[in-house]
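After this come two complexes, each holding chain A, first together with chain B and then together with chain C.
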Partner chain A sequence: MALLKATYVSAAVLVASAACLQAQAARAAESQVKAVFLFNFAQFVGWPPAAFPDSGAPLVIGILGDDPVEGFLDQTVRGEQVRGRAFQVQRYHSVDEIKTCHVLFISRPSAARLDDVLASVRSKPILTVSDDDRFAERGGMVRFVTDHNRIRLQINLDAAQAASLTISSKLLRVAEIVTPPGR
Partner chain B sequence: MPLRDWPIRRKLTVMLVLISGLVLFLTSAALVGYQYWSFRQTMRNTLAVRGRILATNSTASLAFANEADARELLSALRADPHIAAAALYDQNGRLFAAYPADLPRAALPAAPQPDGYRFERGRLIGFQPVAETGSQRLGTLFLASDLEAVYTTFRLSGVIALGVMAVSLLAAYLLSTALQDTIAQPILMLGETARAVSDRRDYAVRAPKLGEDELGVLTDAFNHMLGRIEEQDRALRESKEGLERRVADRTHELEERNESLRRNTAELLAANTELDAFAYSVSHDLRAPLRSIDGFSQVLLEDYAAQLDQAGRDSLQRVRAASQRMGMLIDDLLKLARITRAEMRTEVVDLSGLARDIAADLQRSSPARAVEFAIAQGLEARGDPRLLRVALENLLRNSWKYTAKQAQPRIEFGSIAANGERAFLVRDNGAGFDMQYADKLFGVFQRLHSAAEFEGTGVGLATVRRIITRHGGRIWAEGVVDRGATFYFTL
Partner chain C sequence: MSVRSNALVTSKGHRPMAGTRAVAAGTWILFAFLACCVEPGVAQQPDSSLSADSLKKLSIEQLMNVEVTSVSKRPERLAQAASAIQVITQEDIRRSGASSLPEVLRLATNLQVAQVDSRQWAISARGFNSTTANKLLVLIDGRTVYTPLFSGVFWDVQDVPLADIDRIEVISGPGAALWGANAVNGVINVISRNSKDTQGLLVSGGGGMELRGFGDARYGGTLSPAAHFRAYGKGFARQPTVLPTGLDATDDWHAAQGGFRVDWDPSPKSQVSLHGDLYDGRISQPGASDIAVTGHNLTGRWSHAISAGSDVRAELYYDRTHRDIPGTFGEDLDTYDVDLQQRARLGARHEVVWGLGYRNINDRVVNSDSVAFLPAHVARQWFTGFIQDEIALVPNRLQVALGSKIEHNDYTGFELQPSGRVNWRLGPSGTLWTAVSRALRTPSRIDRELFVPAQAPYFLAGGPDFHSEEELAYELGYRLQRGALALSAATFYSRYHGLRSLEQVNPPAPVPLVIANGQEGESYGAELAADYRVTERWRLRAGYTELRVHVWAQPTSTDMSGGRAESNSPDRQFTVRSSADLAARLTLDGTFRYVGDIANQQVPAYGELDVRFGWQPVPQLELSAVGQNLLHDHHAEFGSPSTPGGRREIRRGVYGAVAWRF
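Moving on to the complex of A and B:
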């Protein structure tokens, strides 16, 4: 009997921790997907040659502010290459730290300073990505839209073209193209 | 009917149709097979191209996990009714999107299989990697196409091949029927000629020649052979007729000769019988007067001896001696005649025994003479015992008589082998005879010695010859004057 009782207790503990784990797992899965998307942009976006110091230079993915994708991005790009270039992940605390960068993820806590950030990178060939609700309207290029546990893309094609970036039509097919009003 | 008994026309037709049929079949099979294979290749290549295009287009859908877009891309496959199923798998091998949308999950592979296009379980399936050029793989595209298109093409080419074969075979049959005559006609004509020759024995027919090929040569040879046979047949017939004529002539000749021989024999037989009868009756009738002569001469000698002088008595004695001698002659003649007329009985006769009996009789009749007899043992022959005894007695008595003047007389009875048959012999070392008279020995009343030298009537050897002749045997003699004589006879 004692054994049976112990089994019940451990089962109850297990159920409680499973519910907690599920929430964690959902958040982790979302971060992972975002990390993969950031990595995948490199395959569908073309940068002007001037964006790289030399032909062997790595493709830099930068994260400004908190790192919402945690360590997943490092895992995802490890050992990968696109068009002969390796990947490099950099984390920035302020926009001034950004030197050579190709994909810049602007984390939500830094959204307050978003206009400044976007203004400082506007002339550079940097693909700006964020999950800010009005990112595209404010001049950002790609927005992650979380919808029913799914992440969709909104792309401001004008902004990208203005930064001399070419976006593959295939990427455009799977994204929603938004045009900010008044521009 | 077994194949080898078929008429040559049918054989030729069947042969030609079979050969062309086989050639057609092999050609058609090769063509259809090649078409089947190449169509499959084409189909695989087409599907591979389609797969590559689709995979290239679906990179973004997979990269950014847009299922709706992926489904839309896949739904473009509706244009090809042969595409049975299609699916996209993500990087981790999980099913991402499927076509048609309502396809049950079980109809798709649970996970991607090795890349490539292959025919499997009546379908063409392909796994195509999905990736941007120079980048990591994003997932896998799966395509499955049914083979209806292949089968349709295959069926169509099969039907066409069958149609071509049917038409070609018909053409081959018609052509072979028309062409076979060039081979079959001369052979059939040869056959017909040969049959005419063997049925009617008409060697004058000739097979018509239709060309200068091997059959033409054969026809020539056959006709030449017929010519030779015709000549030989004529020669044979002529010689046969000649032979028949000669045989008929000979037969006729022989018949005539036979006829004349038969006539002669009959005449001879009649004459002989007549002669025998005559001799018998004469001899018989002569005895009575002879007995009277002898009887009355005796009466004269006994009753009138006193009235007669010595000369008269001597004359009468001579009359008596002559008449007695004549009586003996008559007796011998009668004996000879009886032998000719006597009935024959045939049995095994012990000739050695007979000879011994006769020798003993002779010794008893003249005990004063010392004659050495050498009689072989165990000689036997088939014949009439009474007649053979007469013959043997005559021969031995003959030898006995002619050895009378010999100092050491010797008489032998034996046998020798002569010309493959057995001949008996009686040999003595007596007076012998001159061989130039040998053929007169066996004649009646023929004598080589005078009665004064050796007594005798001249009938004995004639009797012997008649007995031997009646037994179907022969008799002959050899002799040298004063050195003895040998008589041989066969039975």
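Moving on to the complex of A and C:
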């Protein structure tokens, strides 16, 4: 009985203290935060004019492969604009389906064929993003690293520059710049 | 890649055999020998959880500081595989409260996992389970962990720092074409995290009932921008299991292990890694000195991307293992292995993978008078090659993979293990797959070189003509991933030829017996798995497996084993798992499992519950309380009731743990 009571009290204390701590850090679903990052990239990255078919064309965020980010992204970009352009979210099951695209999120299932995917979009002005290990080293541009329940960014600046993309210093300042070894 | 072995010998659950005490005595000795040696989540979002609108107002720095929850992370890379694959992620491992590799494997619902005593486990897929199960291939970071004695796994020396595992891929069904020998009914592939992803200091420890105490420390650092390392040390002490009477079974044990891993990227296209482990364990046994198990291993790997769609990799490892069971058995085994593999895209539709391998073992056994491997000292080698072509018949819709392994071993010469797989994508979310495979379990030392007693005349003798056991497997499966729901179903029918038998040499005289291939078998069943993300913070998973195995003697056979060694699997098992992120930084996970009875061993059906409660007061610190097998004081999972000394039962366990990251 005493044991039961002690257990009950400690559980209550635990829950109460957790509830206090909860207020100190904002929390959100990982996929939700990634979706907002993808949205933000549109504001911190500059594309060459040729990347858009015309001045009113939308900025396209594409998702290659099945990923929970997908559902959150629609919600995140709804009604938003960047430099006078609306957003459009597209889903691809294979790299051949990608036509006009500005930010490409490559989900892990497709990451198995990552080298092929990266090779086929290499010379195009597409910001490639993934959470795959070694993404930046393998020629991808932005990697989400989930570390201690927080998302950090790794950016391969050389790869972005090679695709004629400019990345704002505001973004670069908070990211880890990765230079693939041997370059 | 190559050796596999049999389980006949495990037929501990033998019936009162056609009479004679001599058979009984001989079989007992064999069994005794083998037994010892070879042996609700919260649906609503807490107030502090941020919406898309509030997240959009944050600066990039603030966004990077948002704590993310990922209970709903999807199993990765499952969608395309044309086989019954399940993946256990690091998150799954951490939240399960499992404290050893075999406990972690309970998370794969397509495996049969049974704890035999404090250190021994019977683990298999699609039946044929025993402590000497021989139809499953287990790899730890590319190193095949098996013993050439019986082509099974000594689970008491397969320890891995659980926090450093990236994922475990578990395939039920044959994987022989790519993976090779032993991969008759399944493959378990344990993959560690790159040392780049395990930087900093992690210290954890705890203890309780059953798992009396444990401590782990790992440090990861940077050698240069392109090179990282980690080193770890760990130890544990476990309490003994109990006999059905509740008495202590005197099998408590303790072990320590240390190791390292270095990852280096010499160029953007190349990766090199080197890792090794060193371990030492002591296990009590009744009436004799402690069992000692020690060993070390070293693995080097190199991979290089030649171009998009083409890469080459090489791997080299050395593994030393020593086992001393005072009064019964001793063994020193050295394994040397080298593998080479290349993948190349040919034209628009073909992706070809091929490889070559060589393995050499040096096995030295210390025999006793009652049972012996003869000769005591052997050196054996295996040569393997494989090729597989994956053809995109209709790009992104219909894929066909054709391949085969070819192997040469010292027992049976050349062996061929082909397979064909078809993967058909139905719409955006469904995949239908089917496969036909031939897989072999080639002979191991126990089939050819086991003698009881150690001097003639023998009760039991290894079979000089023992050849490979053959399986023809037919599989059909479907996988669906739609939004928050993932479902998979795999069905199979397998036919086995030449399963191990114990043949009377001079019937009707019950002894001597010789090991041969006198049995046939078939198995069929279905493995169902479901994964439902109820909310971002609550995930439910379930698994259900139905399995039938029939084994019978060939018409000309005088088999005395009666297929018992091959039939120690429950007809069905069911698991349901809930993972919930409660209010802030509190997680609650529970797993209920039901395992049907093992009729052959008179192991009753049982249901058990594991629960873990985790709390992270600050991101660096995690406290957890774990309860394992909570529903009974003790329960039996595997083994005949007439096991020498009594069948061991598994007790309820409760422990607390603290983990601190710096």
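Here is the rule we use: the second predicted complex is superposed on the first by the 154 of 183 C-alpha atoms of A that agree within 3 Å, B and C clash if a C-alpha of one lies under 4 Å from a C-alpha of the other, contacts with A are read in each partner's own complex, and residues count from 1 in each chain.
By definition in this document, a contact is a pair of C-beta atoms (placed from the backbone, for glycine too) under 8 Å apart; a residue touches a chain by one contact, two chains touch by 3 or more.
Since the structure is predicted, the reported quantities are computational estimates derived from the model, not experimental observations.
J.: Mind working out whether A:A35 is in touch with chain B, chain C, both or neither, as first, second, both or neither?
T.: A:A35 sits against chain C, while chain B stays out of touch.
J.: Which of the two, chain B or chain C, is in touch with more residues of chain A?
T.: Of chain B and chain C, the partner in contact with more residues of chain A is C.
J.: Which partner does A:L153 contact after superposing on A: first (chain B), second (chain C), both, neither?
T.: Both: A:L153 reaches chain B and chain C.
J.: Touch check for A:L118: first (chain B), second (chain C), both, or neither?
T.: Only chain C is touched by A:L118; chain B is not.
J.: Let me test your reading of the model: by the given contact rule, A:R83 touches which partner, first (chain B), second (chain C), both or neither?
T.: Once the two structures are laid over each other on A, A:R83 reaches chain B alone.
J.: Based on the superposed arrangement, let me know which partner A:H93 touches: chain B (first), chain C (second), both, or neither?
T.: second
J.: Looking at the overlay, does A:V174 come into contact with chain B only (first), chain C only (second), both, or neither?
T.: In the superposition, A:V174 contacts both chain B and chain C.
J.: Which partner does A:R138 reach: the first (chain B), the second (chain C), both, or neither?
T.: second
J.: Do chain B and chain C land on any of the same chain A residues, and which?
T.: Looking at chain A, the two contact sets intersect at 33, 36-37, 40, 44, 80, 150-153, 170-171, 174.
J.: Under the touch definition given earlier, write down the residues of chain B that touch chain A in their complex.
T.: Against chain A, chain B makes touches at 57, 59-61, 63-66, 69, 132-136, 138.
J.: Within their complex, state which residues of chain A touch chain C.
T.: 14-15, 17-19, 21-23, 25-33, 35-37, 39-40, 44, 65-68, 71-72, 75-76, 80, 93-94, 96, 108-109, 111-112, 115-116, 118-120, 133-134, 137-139, 146, 148-153, 170-171, 174, 179-183
J.: Once bound in the complex, which stretches of chain A touch chain B?
T.: Touching chain B from chain A are residues 33, 36-37, 40, 42-44, 80-84, 150-153, 168, 170-171, 173-175.
J.: Which residues of chain C touch chain A once you look at their complex with the stated criterion?
T.: Result: residues 46, 48-50, 52, 55-56, 58, 60-61, 63-70, 72-74, 76-80, 194, 197, 225-226, 265-268, 271, 305, 307-309, 311, 345, 395-396, 428-429, 481, 483, 533, 536-537, 583-586, 615-620, 661 of chain C touch chain A.
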